[in-house]
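Below are two complexes that have subunit A in common, paired first with subunit B and then with subunit C.
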Partner chain A sequence: MTDATQSDTAFRPKPSLPPPANTVGVVGWLRKNLFGGPIDTILTLLGVYLLYLIVQFAVEYGIINAVWTADTYRECLDINLGEGACWAGIGAWFNSMMYGRYPDEEQWRVNLGGIILLLWLIPFWLPKVTGKIQVGMSAVLTFPFLAASMFIGGDTGIFLHVMASIALTLFVAVWLHVAACYVLGRSLPELLISITGFTDKDDRLHKYVLLGAFAVGFVIALIYHMSWDLVEVQTTIWGGLFLTLVISGIGIASALPNGILLALGRRSKMPVIRVFCTSFIELFRSVPLITILFMAVTMMPLFLPVEFNPPKLAMVIVAVCIFAAAYMAETVRGGLQAVNKGQYEAAQSMGLSFWKMMALIVMPQALKLMIPNIVGSFMGLMKDTTLVSIIGLYDILLMGKAAGQNPSWLGFHTEPLLFTASIFFVLCFAMSKYSQHLERTIGGGYGRR
Partner chain B sequence: MSLDTQLPDDGVHVASAISDEVVIELASVNKWFGEFHVLKDINLSVNKGERIVICGPSGSGKSTMIRCINRLEEHQAGDIIVNGTEMGTNIKNIDAIRRNVGMVFQQFNLFPHLTVLENCTLAPIWVKNMPKAEAEKIAMQYLERVKIPEQAAKYPGQLSGGQQQRVAIARSLCMSPTIMLFDEPTSALDPEMISEVLDVMVGLAESGMTMLVVTHEMGFAKRVADRVIFMDQGEIVEQNTPDEFFTNPKSDRTKLFLSQILAH
Partner chain C sequence: MKKVSLLALGAGFLASLAITPEPVLAQDSTLEIVKNRGILRCQVGTPAPGFYSLSDDGKWSGFDVENCRAVSAAIFGDPDKIEYQSVTSAVRFTAMANGESDVLSRTTTWTLFRDTQLGLDFTTVNFYDGQGFMVTNDSGVTSALELAGATVCVLTGTTTELNLTDYSRTNSLDINPVVFEDSNVRDSTFFSGGCDAITNDKSSLASTRAKAPDQSIFTILPQTISKEPLGPVVRQNDSQWNDIVMWSLFAMINAEEMGINSGNVDEMKASSTNPEIKRMLGVEGDLNKGLGLEPEWAYNIIKTVGNYAENYEEFMGPKTVMNIPRAGSVNDLWTKGGLMYSPPFR
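Right, the complex of A and B next:
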């Protein structure tokens, strides 16, 4: 009897029921999104017809009527009367659009440089590798020097010589580290310390073991690098996609660190730093990139001493870096403002210094919020580099244009543009997809508060 | 809000453990937010092991006062001395004080991008240069003490408010502070979760920690506090033992306040 009274008063939730049929599954989706009513149905059919027209044209122009082998544009026109693409021309100009006028027999240097960079960045995606930040930093900070010494060649000068040797040492170290992580499950520093028998010694001595190992590697790399005998390839004949990637790559790699520094400077309590950073950002953000490029290549040399005559490409890269940093600074500042004030206070109340607070608490959260904007800036920057064609650098766009002015290929304009557009699309779409992947995975991806 | 039913008021006051040593000294502290005079000539000295509950209407300056003690707010006049270190513009002094003073916030302020365990080990590793393994061991001890060791691998967003606040307390304790500041620790919590946080705080009081608690939980004040401070308009209006404070308030302002918060 007592049992019955208890179950009468006890709270018993109602069972959960399935949703009504017709609202779930493929049929439900179609009904809701495509055939909701007479107007929806008409619009759907119209849309399908338009899609059919577009695909039909693309297939006829790009595949059925396309010419795949020809020696001149004239030959293409004779075959398809201009009703299809002349992909033969892309084949003929492919090399130029990739490397510009970089000599054929030296192009392996560019390829090798690209492969080294890829290899350097692969550990970033290998789950078992520790110290990914250090791996990434080593690549960003030293690879440009190695690349410069490889791509330019000739007598590189002592500075580039040393920096390239450091880069080589670090590159080998990164892959030894990867091997150590996967084969032995330990990091390279740990391994070096235990091999030399310093495991039990004072922590401060460990640093010297690592420095010693680095020094040995550096000397070997220096001697090896000295044995290189590369023909000099002036930057003035660099071109094509290679040039585009050099300019945008350096711009992208430098934009984030410089942008972070500028954004922090703009929020600083120190007036001199704040005013400097604010003026820098506002000045370069308010001027078109093309103006900055023109000033860099035409005006700057007038102010510099004659004997100090930097190559045009160097000036262009500096200009792009400045422009990208100014834009990135505002993106970063937006992200910093989105981080809750309580996060700063919690970090401060635990005694974290300003830089540790920024690096460990604020930036990781801000950067996650900023990923769509940052990648947007990167994509914008990559596409903006086509402006260097206006000041006479033969990037992929200008190279494609040059194709149509060649006597054998007069009038060959559409295909190079389509080709260039599709290359930019592939690069930018890949960045966009990767950013979406990052957004999902970074920082556990769990609800912020 | 905040009825004294949150804690079983069994009439047993947590044994007090006050020593003679003064650990916090506020002398004629004044602070302005722009033109607004938020702290007016505050004098307060706190002994080691003392538990102080600070109450008062919103805008009375109680949060601002405890936030001055670890320099989340800067005072413009007067002296603040914590553990014998003078609070000034010297960054080293500020950092030294912050290492010894833990703080728990109304909004928890856990780091959402780090797991519970990482939240707890971050400061010991980066401020005290403690080896990671040791920091994790200590963190697990404190997480057990606040009764959520099983949540160590989760992210703050996956926990309830009460659990988050307990993590926040454990996180502060991992720095082995000598003083703990609580800034309305239960005000953002659902009623069902208030008692689990208060239980942890009572446990902390029993261990002899010096505590300054801004709260409206009068049950907690009666049970734990050695001294209750009532603030209004940036001044300390009245301070007394909880018995005297609740049964025999002296100032009319205090009587009004008590009648309002205990009325329903």
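Right, the complex of A and C next:
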């Protein structure tokens, strides 16, 4: 029996014809999606025309008629009669919109702080690094103190010295850990223990070794930090995008932990905690953010002794944190309620304590569900921080408005708004993209569908 | 009911906070506080061209900023020991009441209500403003009384709007106000012909005109339909501090009248024989005693900040974008037909 004879006699269908030329390729796609019928065609043509108008205007306003070098807005007007953008002004005001009134020669401190934070967070994206939660915790808990000592400068006081030194030690440790993970494939603690020869010893001794290593690092960092001699920059002159990021950054970093605690408190069976958390959430969620800011900045000093005069920025940050926590609490509670009751009961029947049940069983499931909502709140918070301009903090939006009121730049108000809008778009879009990435990677069964 | 009693307790607590009387400030006088702090806290507004504006290197400057610099020079001999506070007009008086600012110097109109019911004292006037109209030259309008039936661009929720309707009714002009929330939108509407005229304080009209692509086609009409005397404000019940701020301004006005400016003040101090100049510059007498300042306080103001005319030229005069002529206006010296008048230094 040969294949050849069989194939000769077997029924062989004709090879199918290629699909009609107008249903495949570019033409087919166009017909299917854009010109499916008379209404589709009209809508497509209208859409293309609108797009043409928008693009034409944008190109004319933003590129063809734009002025790139000028010393005053009047010079721009003389060149383009207001028909195009005056990007020269953005150049002149760029530093102000980024750093507010922070002195030019000290701005490297802000940049360096930002770079340290980025470096601290990079290990999150490195697949081989272990202990990402610890890395994240170290950044969230100690970086603000390091940043404060760098950005404010001057005589920081012993508390900030200590906290900033802890932060420096941990920062160096994180990167030693990353190096260890990549070069030797072991975590930093393992490496330290094996170097000192305690591998075979009791676990308790391991702890002492790590603590000892940390103490040595801390002392070196403290001596180094004490030697810093930075000019004091009062928080009253902070501004621009830097200020926006400081306020929203601290608000965002504190919102999730505080929100989780408040949400758990609200679902607690202990009446005092439940009543406290519920009233806290309801009180701050039902008042506009601007009211809370007003209370914090203009009303609070009336009730405080004159000697106790906390900086405005500190009050604003506390107010934003409270507000963000109240909103986040309800997002988290929604996530908690979406977790099946069986999960709680299963955890309890395993004999887990409340905190273990929450940390190991419930929260990991709930947080996955909440990612879109959490990121939505963060983006909202970041944009809400522009309200601080009303109480006289020169964030990026108010700085942009101030630019147009300078006698040399009178009338310069569209360009700063466009610039600010594009910065907010980039920041928020990046957050949105990152949340989608998180949903895909840690979402598991609940991931993006 | 437990919940009710808890609520009542909370409400009672809030109420007790709300009815706390006058803010309790330390017993020290403002001068003592400022001297101890080593820095003057001066409140300006969100930037307004001419009066207070922010440069791209973060410095405040302007006509009202000079008041603060004068006070700083009088106290410290250095015009720049100032922490500027810039808040929106909604919270300007609260920021004074809660002790945040030492002096408020920001285009604030002196009215009876504000002087008597806000716990504040107006010192004196450094700029007489007033509401006016601006039209295009093409319209042929030369007087506000010719604006019958015209559409006028105006900011909403301000006394400007009220003044406009009052003026329209009194003179039966039947003006149609077109109201705006944002001054930039109002200005561009006016430039593109959206209304026949625009109304605001004349100093603001000057800055609106400065924004226009072609400034020469606009005219500010001569009529002034409201009185807006602007000047620095201090907290009530500290008359020494009130005196310091007020006389710092008078020193600048009097210096102009006496012909002293930042250029010739050293010469005047050394060689002038005029007894009033000698008293003012601290060569003779002890006029500084009552103010609690150094004898050379007025000299320091004139040397570092300048006299009234110098400041006017720098921020409002014809060489600036504001271009508000001073000669013959109410802001000229009393000797030239204006209202700028300093009590004598004796």
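Keep in mind that, in the parts below, the second predicted complex is superposed on the first by the 409 of 449 C-alpha atoms of A that agree within 3 Å, B and C clash if a C-alpha of one lies under 4 Å from a C-alpha of the other, contacts with A are read in each partner's own complex, and residues count from 1 in each chain.
Just so it is clear, a residue touches a chain if its C-beta (ideal position, glycine included) is under 8 Å from a C-beta of that chain, and two chains touch if they have at least 3 such contacts.
Note that the coordinates shown come from a computational prediction; the quantities given were computed from them, not determined experimentally.
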Subunit B versus subunit C as contact partner of A:127, first or second or both or neither: neither
One more residue to check, A:348. First (subunit B), second (subunit C), both or neither? first
For A:96 in the superposed arrangement: first (subunit B), second (subunit C), both or neither? second
Regarding the shared-chain residue A:15, is it in contact with subunit B (first), subunit C (second), both, or neither? neither
Going by the contact rule set out at the top, does A:38 touch subunit B (first), subunit C (second), both, or neither? neither
Of subunit B and subunit C, the chain that contacts the larger number of subunit A residues: C
Look at A:398 in the shared chain and tell me whether it touches subunit B only, subunit C only, both, or neither; answer first, second, both or neither. second
In the superposed view, which residues of subunit A touch subunit B and also subunit C? none
Touching residues of subunit B toward subunit A in the complex: what are they? 70-72, 95, 98-99, 101-103, 105, 107-115, 122-123, 126-127, 155-158, 171-172, 175
For the complex, give me every residue of subunit A touching subunit C. 74, 77, 81-82, 92-93, 95-96, 100-104, 234, 236-237, 275, 294, 297-299, 301-303, 306-307, 389-392, 394, 398, 401-408, 410-411, 413
In the complex, subunit A residues that touch subunit B: 340, 342-343, 345-353, 356, 360-361, 364-365, 368, 442-444, 446-449
Contact residues on subunit C for subunit A in the complex? 3, 6, 17, 20, 23, 25-26, 46-50, 53-58, 83, 85-88, 90-91, 94-95, 97-100, 184, 187, 207, 210-213, 320-322
